[in-house]
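Multiple structures are listed underneath, in structure tokens.
In what follows, chain A forms one complex with chain B and a second complex with chain C.
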Partner chain A sequence: MEQLLIKIGQNLFLVFGLMALGGAATMVLAKNAVHSVIGFLFAMLSMAGCYLTIGAEFMGVAQLLVYAGGIVVLFLFVVMLVELSKSREKGLFQRQTPFALVLVVAGAVAFVGVFWRTIFGSSAAEALTLSPNLMAQGEKLGNAQMLSRGLFAEYLLPFEILSVILLVALVGAVVLAKTERV
Partner chain B sequence: MPFAQSLLGSLTRDLPFLYGPLFLIVAATLMIWPGDVFVGRNNKRVWSYVASLALVAAGVIAMLTEPGAGFSNMFRVDGLTKGFQFLCILAGLITIVLSQPQLNALREQTVEYYALILFSISGMMLLVGATDLVSVYFSLELMALCVYILVAYLRTQERSIEAGLKYFLLGAFSSGILLYGISLLFAAAGGTTTNLAELNEKLATVSSNGNLLVFAGVLMVLVGFAFKVAGVPFHMWSPDAYEGAPTPITAFMSMAPKAAALGAFVRVFGTGFHGIATDWVLPLSFIAGASMVLGNVAALRQQSMKRLLAYSSIAHVGYMLLGVLSSDVQAGAQAIWLYMLTYLVMQSGAFAVIIYLQGKGEGERIDDFRGLAKRQPVLAFAMMVFLLSLAGIPPLLGFFSKFYLFKLAIEQGFVTLTVLALLTSAVAAYYYLNVVASMYFKEPVGEIERKPLSTAFTFVLTVSCALILIGTFFGPKLLDWTAKIVLG
Partner chain C sequence: MPSMNLVLLISFLLFSIGVAGVLIRRNALIILMCAELMLNAANLNLIAFARHSGTVTGQAFALMVMGLAAAEVAIGLAIVVALYRKKNTITVDEINLLKG
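Moving on, here comes the complex of A and B:
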């Protein structure tokens, strides 16, 4: 028992990862929209756990604040404001389910194969790792500082484009949602 | 504060590369606020002039930008960037002109429409210069998000909303695939860089373990791009989105985002994945061949003119992918640029005719073109020129761009694909000529009143028609000029 606990402690990333997958599966499969949102919340919390276990505290906290805090509440609002019972009865996409299942299984097998070969392949001695100097830099500077330098120095251009994307999303929401022609 | 100082230093050094797209973003934002406050409800048309001016100004700024690279090598101004930026701005200007009749008729003139076009074009201008997978992805999203909204712009029409939703869902899905592919490549290259040039070196020397990972990553990036340019089998969204979107936006979608995505396609695969060409040449050849065959064969059966042009644009993308396949990146980019330029001229002319007829409640179906030559001889002649040029019938402009593309493909050793392209071009000639035949040899159904063309509209029609006819005489010299523009 004790050994099992130690084993789990060593593989916390995997545990959180599996929990996130479980949450995501609940979100997709749940019939009730509120259950779906709770599944989503669970997945996001587990993702935050994943970030914490790989030493990215800042990302973990941001994940908690933004997704588990903000976005889930937003989803709950949508669920409560929009009538969702109609779409449940229609049984959309039911004809496609068998094809979709076959594709999903084939895709999963293919990806497991790819990762299996990459990690345990014939010349597994030269394993794929993140660059060592990147890790060292992270330890020296601290997490939040590393992230800020990434955002404002190296990845400044994508960061600024992202802000324009958010502006466009805002404008688009207004354009599509307004009822009165102004 | 050495960090802040170095940041400021690099920003002042790099910012001039972005003046063109930045100008558009700032202009569009100012148009929405505070600009729109000062314009009355019935004067929204004024924004079309402002937006056109902004586009022209941004174009001039972009063309005058000094070549170079900046933003930690995420953006690069060179001949390819400028050439495709020019195409996108031209397409934007044409779209604004083409939008006028429909927006006026439906009383849907708003500032947001023009602002979204400007935002989208700024995204394209960033996309064609992006030299890092991260900046490629973000610019692609900026461009695509604006187009999703524009497709659903006529939100009171059900088919417009349906088209927008379909396009959005499939587009988001393809973005996910693209992003996952990028992350796989990032991991395979050791998790240090997403820069195209560096990635090229790293990917070529990946250990035998990572081969499969690289292959999967490249394949997914390929799928993502194929979705964006609507190559078969990732074309499903395109006919529906084309049919449901407001017609000027259909014209926009078939010109600008395609030009930008193809420009990025050439750059990403030509410079970034050049070293691992064996991984993607075969899948890409399949996509190109399938696009030619399916695009042309499916177009045969269409009754709707917009769907016909949607399928034919799939086929045209198939031809242009021959240029992406070329191992000589510059020659490929050049051939694609020339093809895209002539395609833009022909396509905008054809859409101008459709939009004009649509204003009178027809033009959607091919049957609406019956006997057009008797009712409107000039318009019918212009449409004939556009369609024959699209089909690539010899002396017209469309023939020369096709000729250069196919010549390049043969030189690069893609003989089978080129033969396929030639055969499918013959199929294409059938459905284009079918429209021409129904314009000239069929009796018109009923008498419909004539409506005068607006000045700007006549301008677009005349200029594109004249360009095609005059271009015919300069065809053989075209490639040299293109070389000067795109490579210069």
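Moving on, here comes the complex of A and C:
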């Protein structure tokens, strides 16, 4: 039992990654849209776990706040606003489904074919490792502090542009969704 | 610390599930969710490479991708709601007119 727990602790990223994959599969395959949203929520929570385990703490928390706290709730609102029972999909799969699946599987096979050597070949022994210390300069700084320095010093202009984009998007959403009669 | 290949593999699988969802499903809401999933897979890649190079650039841009994803969801859901008001459906197969 203890051995198993230790093993899980060492492979926490794999556990979270598989959970994310399961949530994503549920999202795609569930017939009921609410179940899809729950699968999406599960996938996003597991992704936050992934971020935490590869040492991007701030991104993990931001993922929790933005996705699990905001976007999933927004999706749930709209799913319940839109009466889905009226336009229920007859079947999950349509005429184009086999083609789509073939396309995706072909893409996956091509990817694995290209990267076979790096993933499973002899060079996998010296696989790229995530470098454990984020800091190059040797200063003792947390992940959030580092990120804020990058964001507000080096990438200030993209950050400001992003905030303008968000403002425009929110105004646009209000204009799009408001009713005809004022 | 997990190996880089594992991170890239997981993010690739998530991305392909997102692509499969966009291609298979006909519900506009679920297509939007699959697009979000693909953005997240890209984010995972960015963070993994940021960790690998030991700089903070990738994480900063992952944060920006997250903000853009929020904007995209706001606009997308507003469009879905407007479509539902006009056409009473959100099945993308039945939305085939340029004129409202």
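Brief remarks on what is shown
The criterion applied here is as follows: the second predicted complex is superposed on the first by the 139 of 182 C-alpha atoms of A that agree within 3 Å, B and C clash if a C-alpha of one lies under 4 Å from a C-alpha of the other, contacts with A are read in each partner's own complex, and residues count from 1 in each chain.
FYI, a residue touches a chain if its C-beta (ideal position, glycine included) is under 8 Å from a C-beta of that chain, and two chains touch if they have at least 3 such contacts.
These numbers come from a predicted model, not from an experiment.
In the superposed model, A:165 lies in contact with both chain B and chain C.
In the superposition on chain A, A:6 makes contact with neither chain B nor chain C.
Touch criterion met: A:56 reaches chain C, while chain B stays clear of it. By the touch criterion defined above, A:20 reaches chain C but does not reach chain B. Look at A:36: by the touch rule set out above, it reaches chain C but stays clear of chain B.
The partner that reaches more residues of chain A, of the two candidates chain B and chain C, is C.
In the superposition on chain A, A:44 makes contact with chain C only, while chain B stays out of contact range. Applying the stated contact rule after C-alpha superposition, one finds that A:70 touches chain C and leaves chain B untouched. Using the contact criterion defined above for the overlaid structures, shared-chain residue A:81 touches chain C, although it does not reach chain B.
Of the two partner chains, chain B is the only one that A:153 touches; chain C does not reach it. Taken together, the two complexes place residues 111, 118-119, 124, 127-131, 134, 149, 154-155, 158, 162, 165, 169, 172, 174, 176 of chain A in contact with chain B and also with chain C. Residue ranges on chain A touching chain B, taken from their complex, read 110-111, 113-115, 117-119, 121-124, 126-131, 134, 149, 152-158, 161-162, 164-165, 167-169, 171-172, 174-176, 181-182.
Chain contact summary for the complex, chain B toward chain A: residues 3, 6-7, 10-11, 18, 25, 29, 32, 41, 71-72, 74-75, 107-108, 110, 112-113, 115-116, 119, 122-123, 126, 134-135, 137-139, 141-142, 145-146, 148-149, 152-153, 155, 164, 187-188, 190-192, 207-210, 212-213, 216.
Taken in their complex, chain A has these residues touching chain C: 11, 13-14, 17, 20-21, 24-25, 27-28, 33, 36-37, 40, 43-44, 47, 50-51, 53-56, 58-59, 62-63, 66-67, 70-71, 74-75, 78-79, 81-82, 84, 86-87, 89, 92-94, 96-97, 100-101, 103-104, 107-108, 111, 118-119, 124, 127-136, 143, 146-147, 149-151, 154-155, 158-159, 162-163, 165-166, 169-170, 172-174, 176-177, 179. Within the complex, the chain C residues that touch chain A are 1-7, 9-10, 12-14, 16-21, 23-27, 29-30, 32-34, 36-37, 40, 43-44, 47-48, 50-57, 59-64, 66-75, 77-82, 84-85, 88-91, 93-94.
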